[in-house]
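Comments concern the structure below.
As written, the chain order gives the labels A, B, C and D, with residue 1 at the start of each chain.
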Amino acid sequence: MSEAKAVPDPKDVLRDLIIREELVKPNRRVFVIDKTKIREAISRILKTYGETSAYLSSVAGVDKIEQGIMELNYFISILPRTEVIVLRVQLPRANPVIDSILDIYPGALNFECETYDLLGIQFNGNKFLKRGFFVPEDVVKKGVYPLRKDAKW
Amino acid sequence: MSIKLIRYSPWLVHFNTGGCNGCDIEVLAALMPHFDPERFGVRLAPSVRHGDILVVTGAITKKAAVRLKRLYDQMPNPKFVVAVGACACDGGVFKGAYGILRGAKEVIPVDAYVPGCPPRPEAILYGIVKLFQKIELLAKAKSK
Amino acid sequence: MTLLTEAVVKIPISLEVPVGPQHPALHEPVVLKLYADGEEIVNVEILTGYNHRGIEKLFEMSSFYKGVFIAPRICGICNTIHANVYVRAIEQLLGMEPSPRAKYLRVLALELERIHSHMLINAIMAEILGYDTLFMLIMRDREYIMKAKEILTGNRVTSEYFMPGGVRRDIDDTKRERILDLLKRVKPRLEYYKKLFETDPTVTNRLIDVGVLKPRDVVLHSLVGPVARGSGVKTDVRAEDRYDAYGEVPWNVVTRREGDSMARMLVRWDEALESWNMCEYVLTHLPGGQAVVDERKLPRVLPPGEAYTRGEPPRGELTYYIIGYGRDRPYRVKVRTPSFTNIINSGFSYIGYSIADVPVILVSYDPCIACMERAVLIKNGEEKRLTLKELANMKKR
Amino acid sequence: MSIWQEILKNVFKKPVTIEYPKVETPIEKDSRGLQYADLNKCTGCSLCAIECPSNAIEMRKLPENIKLKHNPRGLYPVINYPSCIFCYRCITICPVNAFVTTSEYRLATETDKLFSDVYSLKTLGQG
């Protein structure tokens, strides 16, 4: 228990970046942050918890067509706290561009490639992005991003 | 005549076209000591060019379909195809997804279908036995 | 890394070895394109997409309950955990809780699967090393576990065992005794194989000090499961989230410090033995009550909300992120399979080892095998097809 | 020394191989195999066809000469086995428990269509 106390709360670490806080079941805290601050937030987490105790668990892009935005959720698993926190950024649907975190977390490679291929979110600074990472050729040729809600093929 | 000869020791070529691996481990289990199909001379061929029977498992993804066609063309004649599992038969649960075709029959001619998801090893062996019966009938028809 | 690639492309004798196009186990199979300078690997390029079936879109198009049967088909070898994590996400949305008996039965199904999966990958490792006898022996004893799984769930591989709120079939006392009996036959064999892996020079010579991963690399590249635990990173979702009955059944997280292929394989044997103890505990301490859920009474429409559930398949952390929007189908389902990170992000770990070590390192990441049956060796414009096994034997020639 | 024990043990042990087509393998009686609708109970509500994850069930009209009181719409489910994934969702969702389950697994065919109508229509004869 004493060990857990020594580990800082991610909310304190990210305090000045958080726009609002939400909750994903079961008990995963969501910190909505600005899209320009994602690199800072992630490198701050890495610095606070050390390089061997926080890993990027998943990156999930969601196309919210009614609100005209794309949401990007970074799920980060913090091992000493046995907790998963979610960093959520919102991008305009017309021009979904965000900075890549590949040089901070090399493990983001597959998630960024996948999200680009299926949802069309551009990651600045990641030069491994390409269409056809997963999607079959005929869908690529039509320029369709299959996970977008208005996708037709 | 040559068709009939296959019956004595048919070599399988196993190709997974993008399934979930469930059928693959059952095909593997069918070749294991528990069932030991080498009793009939059935064994996995090291290369397509040595194979007689192509065992297709898994949903046919569009990328893998190209390779399946190429693999089939490379096999020596006479050749037969067994589609194992619901996905290879006609798409299974993946019917309607953007990445896949509805069954191996859209790419290559299929001679026997083994339903199940995944089929038991016994069912796969039964499917191969069924194929032998078909081969025998074909051979008879040819000799006449 | 990029500098190296450019340098290699200019060397005329360099070797380009694509391993596999086929990699079915994962939900994303890959081609490993190896760039070798002589025998030494200088760069690895990983190509994907041969197994992309569009499952996430399929989830959005079909109802929640159809999803319960689509989820296991992402991976056949770890199908129960896929169904389990998906079902738990739905339970979170519904605010449902399964009965204690159902929780124990779920743990039993998951752990039986873990034993058979770990035995399978160790058998494949034996085959890759050219140790066919061991391969056959492990596969023979694996049949007992498959039989136990058949008694419990009704099918050898795809179990269809989970439903929101419980499980789909129960076991009685005779079935329980039979599963216990089968398990008792397997335990001495598991211990024997573990000893064999530790002592047999055929195995140790090829595995020790091959593919060493440092804890820092493991965490930064998001590698999970036995791969991380073999490098001393104590990460196990069963211990972190304590889902189902994992909080009640006694067990330990297995870790090793060495970080080489040998450590990863031994972690798997230790975990199989740990799972064996859990299975025995579950079977002897099975609580009473109702476990089977009446599917006709489940609500068809789910309330809006988000759920993010995790589970621990034999290969590492598996996550499902589900958004419901008040309809009978999900708005978005995001699946992160363990092999997705373990294979695609691990390209760095091959660099510096010889070509013959590649299959060993790859298999030690547990890529759901069968898959990588074929490799193409291109040398001086000549093309030669090799099986993975031939590739493994190249060193000896 | 131990190697001799091993050899002796293996000489007198029965082989694990089951000579499959000659000898039947032991199969659980409740393992999931062939299933079909019992027309004595089926009401033709089409719930199974809607719920089937692989869309393997189609509702067909009953033959002209058969009129069933409990089946006013005259429909009955026909399963296409090569497409079926044997998840038994149809059985657990059926409101009147109208399905018959067996552990039959020998279903290999030469065509991609193998329907359950033969089995279903037989149930009427049995009465």
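We adopt the following convention: contacts are C-beta pairs under 8 Å (C-beta built on N, C-alpha and C of every residue); 3 or more make two chains touch, one makes a residue touch a chain.
Being a predicted model, the structure only gives us computed values, none of them experimental.
Asks: Higher C-beta contact count, C-D or A-C?
Replies: When A-C is set beside C-D, the one with more contacts is A-C.
Asks: Which whole number of Å gives the spacing of the CA centres of subunit C and subunit D?
Replies: Computed from C-alpha means, the inter-chain centre distance equals 30 Å.
Asks: Could you state the distance in Å from the CA-based centre of subunit B to that of subunit D?
Replies: Distance between chain centres: 22 Å.
Asks: From the C-alpha centre of subunit A to that of subunit D, how far is it in Å?
Replies: Here the centre of subunit D sits 45 Å away from the centre of subunit A.
Asks: Please set out, as single numbers or ranges, the residues of subunit D touching at least two other chains.
Replies: As it turns out, subunit D has residues touching two or more other chains at 16, 53-54, 85-87.
Asks: For subunit C, which residues are shared contacts with two or more other chains?
Replies: 49, 52, 54, 57, 66, 69-70, 73, 140, 143, 158, in rising order.
Asks: What parts of subunit A, by residue number, touch at least two of the other chains?
Replies: In subunit A, 135-136, 146 touch at least two other chains.
Asks: Strictly by the criterion at the top, what is the full list of touching chain pairs?
Replies: A-B, A-C, B-C, B-D, C-D
Asks: Show me the residue ranges of subunit D that touch subunit C in the complex, using the header's touch definition.
Replies: 16, 28, 30-32, 51, 53-54, 85-89, 92-93, 95
Asks: Considering only the defined contacts, which subunit A positions touch subunit B in the complex?
Replies: Residue positions touching the partner: 135-139, 146, 153.
Asks: Looking at the complex, which residues from subunit C come into contact with subunit B?
Replies: 21-22, 24-25, 29, 49-55, 57-58, 61, 66, 69-70, 72-77, 79, 120, 136, 139-140, 143, 146, 156-158, 368-371, 373, 385, 387
Asks: For the complex, which residues does subunit B have touching subunit A?
Replies: Interface residues on the subunit B side: 61-63, 98-99.
Asks: Touching subunit C in the complex: which residues of subunit A?
Replies: Touching subunit C from subunit A are residues 24-26, 28, 51-58, 60-63, 73, 75, 77, 79, 82, 84, 86, 105-110, 118, 132-136, 146-147.
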